[in-house]
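My questions all concern the structure below.
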Amino acid sequence: MINVGIVGGTGYTGIELIRLLLQHPQARIKMLTSRTEAGVKVAEMFPSLRGVLDLAFSPLDIAELKTCDVVFFATPHGVAMKHAQDLVDAGVKVIDLAADFRLQDLAQFEKWYGMQHDCPELLKQSAYGLSELNREKIKTASVVGNPGCYPTTVQLGLAPLLKTELKSEQSLISFENIIVDAKSGVSGAGRKASMGMIYTENTDNFKAYGVAGHRHHPEIVEALENISGQKGAFESLTFVPHLVPMIRGMLSTIYVNLTDAGQQADLQTLFEQFYQDEAFVDVMPAGSQPETRSVRGANYLRIALYQPSPKRLVIVVAQDNLVKGASGQAIQNMNIMFGLEEGLGLQSIGLLP
Amino acid sequence: MINVGIVGGTGYTGIELIRLLLQHPQARIKMLTSRTEAGVKVAEMFPSLRGVLDLAFSPLDIAELKTCDVVFFATPHGVAMKHAQDLVDAGVKVIDLAADFRLQDLAQFEKWYGMQHDCPELLKQSAYGLSELNREKIKTASVVGNPGCYPTTVQLGLAPLLKTELKSEQSLISFENIIVDAKSGVSGAGRKASMGMIYTENTDNFKAYGVAGHRHHPEIVEALENISGQKGAFESLTFVPHLVPMIRGMLSTIYVNLTDAGQQADLQTLFEQFYQDEAFVDVMPAGSQPETRSVRGANYLRIALYQPSPKRLVIVVAQDNLVKGASGQAIQNMNIMFGLEEGLGLQSIGLLP
Amino acid sequence: MINVGIVGGTGYTGIELIRLLLQHPQARIKMLTSRTEAGVKVAEMFPSLRGVLDLAFSPLDIAELKTCDVVFFATPHGVAMKHAQDLVDAGVKVIDLAADFRLQDLAQFEKWYGMQHDCPELLKQSAYGLSELNREKIKTASVVGNPGCYPTTVQLGLAPLLKTELKSEQSLISFENIIVDAKSGVSGAGRKASMGMIYTENTDNFKAYGVAGHRHHPEIVEALENISGQKGAFESLTFVPHLVPMIRGMLSTIYVNLTDAGQQADLQTLFEQFYQDEAFVDVMPAGSQPETRSVRGANYLRIALYQPSPKRLVIVVAQDNLVKGASGQAIQNMNIMFGLEEGLGLQSIGLLP
Amino acid sequence: MINVGIVGGTGYTGIELIRLLLQHPQARIKMLTSRTEAGVKVAEMFPSLRGVLDLAFSPLDIAELKTCDVVFFATPHGVAMKHAQDLVDAGVKVIDLAADFRLQDLAQFEKWYGMQHDCPELLKQSAYGLSELNREKIKTASVVGNPGCYPTTVQLGLAPLLKTELKSEQSLISFENIIVDAKSGVSGAGRKASMGMIYTENTDNFKAYGVAGHRHHPEIVEALENISGQKGAFESLTFVPHLVPMIRGMLSTIYVNLTDAGQQADLQTLFEQFYQDEAFVDVMPAGSQPETRSVRGANYLRIALYQPSPKRLVIVVAQDNLVKGASGQAIQNMNIMFGLEEGLGLQSIGLLP
């Protein structure tokens, strides 16, 4: 039984970790910390847990956390990096759901998150937790930086095209014309009392946001560089996120231009083969239209391909931003780190309707 | 392992049965029938099942269904009563999620459902499947009529008051002034392509419906008579259902007038004690406000009490109409009928947010 | 042309006043004040006004406000009463959309709003702005207290029953068993950045709130006493508000017990005659089901009656909480106060779908 | 006073025409026809019209329609072209909100709408009703084909770039890499009782649709050819529509690659100048984020520009699909055709919240 600590369990990735871990046969939530809610029963804040979890939030106490096998940080950016080394030194594995261990490029981290990194050495040794693409490194890592929700869709949506091109001289797509038009449910913005988050300002409304620049852009760029091995190749990638009036769900529509090689390839088969052993990545039949409700509450990510004109490929990727886009993938990473069956505790079927 | 057949799996109680049974350690879905969709993969209709369930719908074949241990009817009213006797004769247990085995009063059944009952004898032997209140009878029944969603909230909301009054001479509440103001999410109306169901006619809208009379009214009346042993006592109960622009969830606000005995009783304690051994009924602390999202996807039903003036008690009851109000309770009944632990396979935690 | 000042235009009753006044042929918005947003263009806060209104918020300056003909206070409770006397002395009419001039009972005001009243004398002279029931007094009033949204539905829903009974010895309904089960869209709670208001906590959710007591309860009681002339008669009225996941709309389901006289009366006709000259009160045909979307953005209030059993009458009342429940009625009152046609500027048709 | 006939007033563009025309000072709805609802009061179908419109639907009678000054067809594709010539011969102006007079290319019309055109000659004389771009032709036309909702956003979003390039040798954008990622509220699909339209299948869900091909694609292509004068230049334009869980609203995110000339131009100023005299097109300040709620119920279309990297321009366009995207623009065209002030009756301010 793995003893789990969760730091900062009052947000949506926190409650989602709790929901999933309570259904995990090999994990036990040992403690939940919260600066602001110490002493409060978790079920008082999240009434869905009444009768299920009797724990109260405790203050953040590193000594206590060291008695856990793994600690998840479901905190704002900048918290995990303050405590990770301490925990690692005590033999505790760390999985950060914020951005502290996502970007290897320190300058980018400083620019986008407005803070200096506290443990660049540990960052170098950490693994980027895109489970399907980085499994080997995650297995032995002490610290995992869990990917952002948008970057998860983009990486899994493009990986078969980028990985395959390495085998030949020629790539399948042009790197210069990648457009990611992404859409997220409101829970992607977290659990925050701000005017922009309130019901009446978001319902029956749709908008783009963050067009001036979004923190997931450098993460996407760095990750695609790593996947393709092409440093600097994705600078002109355009990423525009939009806000959908729904609670959960994320759908990215990715537009790429095919090279001659790409136009000749059987891309549907390429994707199906690339993911044939993956339990959580579903390459849908050609012509399918992934819907976010098909993954509501589930760890699946679904992909469909279209080719509206000879040179253009459209890749549609759907996931639940809080599961495969956050807490579900974090638990998938925990399973990998502890040598468990990768899908353990992640069998929740999507809630439909 | 219990072999399960589901007749009519294309509606929302059908897909919810599937979702829950797939997570049940002692049940196996052996077949799913559909008149209209025979041959179609279930996962094509319900994309949340892609990668989880490979079964296709089969035509309704009673001989095949007889090889099951239990058959759920998630069909329109009037289907189960045509086939139940046949199945029971073959030793198969039957759980009907429609109304065929809810009302013992045949005249009421004819009046409200517009059809004659096909098997009145079997109806007499059947058990009414309000698990918490009727457990003993369900244990040995061959046929269970699963309660309507609204009636479930009203019965569990009033039972402590009605059962307790039997112990003394005097009842705790006046039977003449019971008001049930009930609210349901749209999935309560099923999965039907009708103008009244479409997105644009229900979103950002609220209304009462069925005020001229709702089929759950006679079911509520008969059930309360049985609980209290007071035949004819609830004729003046008023039940007004409303439609809430949300997918799942049901909340009933029940208003009763307290007798002198009722005013002197400690009703909070009464409710807590009445349900102290029930895993799925949560009597919340005084002053709580049950929310439907606290039970989204879960088999819990939550109750809170208020006494706004000395003589008036308000009972608020929340459940997921598709789980405790339908498919969850049906599986709870299956567990009872097969001697399993009552909560088996029903541990899903509510999806919040 | 009436020169209008609006104090506190940054909330939802503020923007709704603006929307309606801009479509009013005899009114001109002269100034809009805001403590926090002085200098900011109104259209920056409310993008629906881009290209329509070029005004900026100004600081609250009483001298400036005195140059207006009428000042609306769309402020928190307690602001209008600080400035009303000053404005009235300068010949300016005042319409308060908060509670400062709703309750004549000072003890109740203190109890529920937690503050002493600043101008009890002015309060006595003010008129309660339920336009249809209090028209004569409003005509000559200098200060109008615009009714709460819930109280508007209850008063217009019950007035025909209470007014009529005065004509005979016997009343039509029992005063002791009035239940008001009310439901409101989220905009009823205003424009506030609090956790309870955020999108993800309100969507796909339904709950009762304020069951321990709601400020509109004493207002309802006092108003019904005034309408019926029966002091102290409505103490046992039960009022339970609920929150509906929709932006706008309010529906009250009112349950009353009929006396013998009430059972013999033709209540449908009674209501139709009572409101026959009212442009904004729609008594729907028997058996109708008012929907909030039928009044979205419009100043109409719709009423339907049902009699589910001989002794019980159910009155369903629907309105837009921000229009007839707030800013629309405020403008209706302005029209009355200035001798204009009562419906001027209030011809907006409900937005459907 | 213009006498207006509406054929097929039972859909959403029909009710929206009614709502807007009732607020038009120079128009009078003389008759509304419906095959299926003849004899039914319009206000019975659309309760928002109770107390506002007393008309009943009449059967489609061309002789009667000839007594109108203008007839709007809010019908399925293929109806207007059957009756237009008859009406035109009688001196009646025709505005079709369906597709019969949108495409000049008859082969495309047959391919996408599955029917032969009934009056190709009349089609040639008809005007394409994009008011801002085609005003001169609309002025004198007898028949106007009102644009599709998506095409309206794309044309107005791209016109300044396409029109301007004609002045110099070099164009501002590459025609080969235009991506239109469009999102629509559910009312865009009309008022239809189909499974895909129901509340529970669309709420809390997001998906792409019509990726295999959408009827608005050929309309966009033909329109851009006309605007730019570049026949055949837009074949590789990619258009992917998505369905947003909201009632009204449409937002198109358009991605284009800038040429050297485009990179040197001041595009913000270009757009502002291009639309400086347009009442209904709002070029927002650089860095703005248009929201669909800012135009809910209003005839405005808002545009914002971003340049995330030197070579890429992102154009975001928001409108209400039922107003500027359909019925509002149709009335704008009527105003043009009858020599009225173009904005008459279109002053409705967006409903926010």
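The letters A, B, C and D name the chains in turn, as written, and every chain counts its residues from 1.
The definition used in the following text is that contacts are C-beta pairs under 8 Å (C-beta built on N, C-alpha and C of every residue); 3 or more make two chains touch, one makes a residue touch a chain.
No experiment lies behind these values; they were computed from the predicted model shown.
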Interchain contact steps from chain A to chain D (minimum; 1 if touching): 1
Most distant chain from chain D by Cα centroid: B
Length of the line joining the C-alpha centres of chain A and chain B, rounded to whole Å: 38
Whole-Å gap between the CA centroids of chain B and chain C: 39
Length of the line joining the C-alpha centres of chain B and chain D, rounded to whole Å: 47
Interface hub residues of chain C, defined as touching at least two other chains: 12, 187, 191, 200-201, 203-204, 245-248, 290-291, 293, 296, 353
Complex interface listing, chain D residues touching chain C: 12, 15, 19, 22-23, 46-52, 187, 191, 203-204, 247-248, 279, 282, 284, 290-291, 293-298, 300, 302, 322, 347-353
Residues of chain D defined as touching chain A within the complex: 177, 179, 181, 183, 185, 200-201, 203-209, 211-213, 235-236, 238-240, 242, 244-249, 251, 253, 255, 257, 287, 289-293, 296, 306, 308-309, 311-312, 314, 316, 318, 353
Of all residues in chain C, those that touch chain A in their complex: 12, 186-187, 191-195, 197-204, 245-247
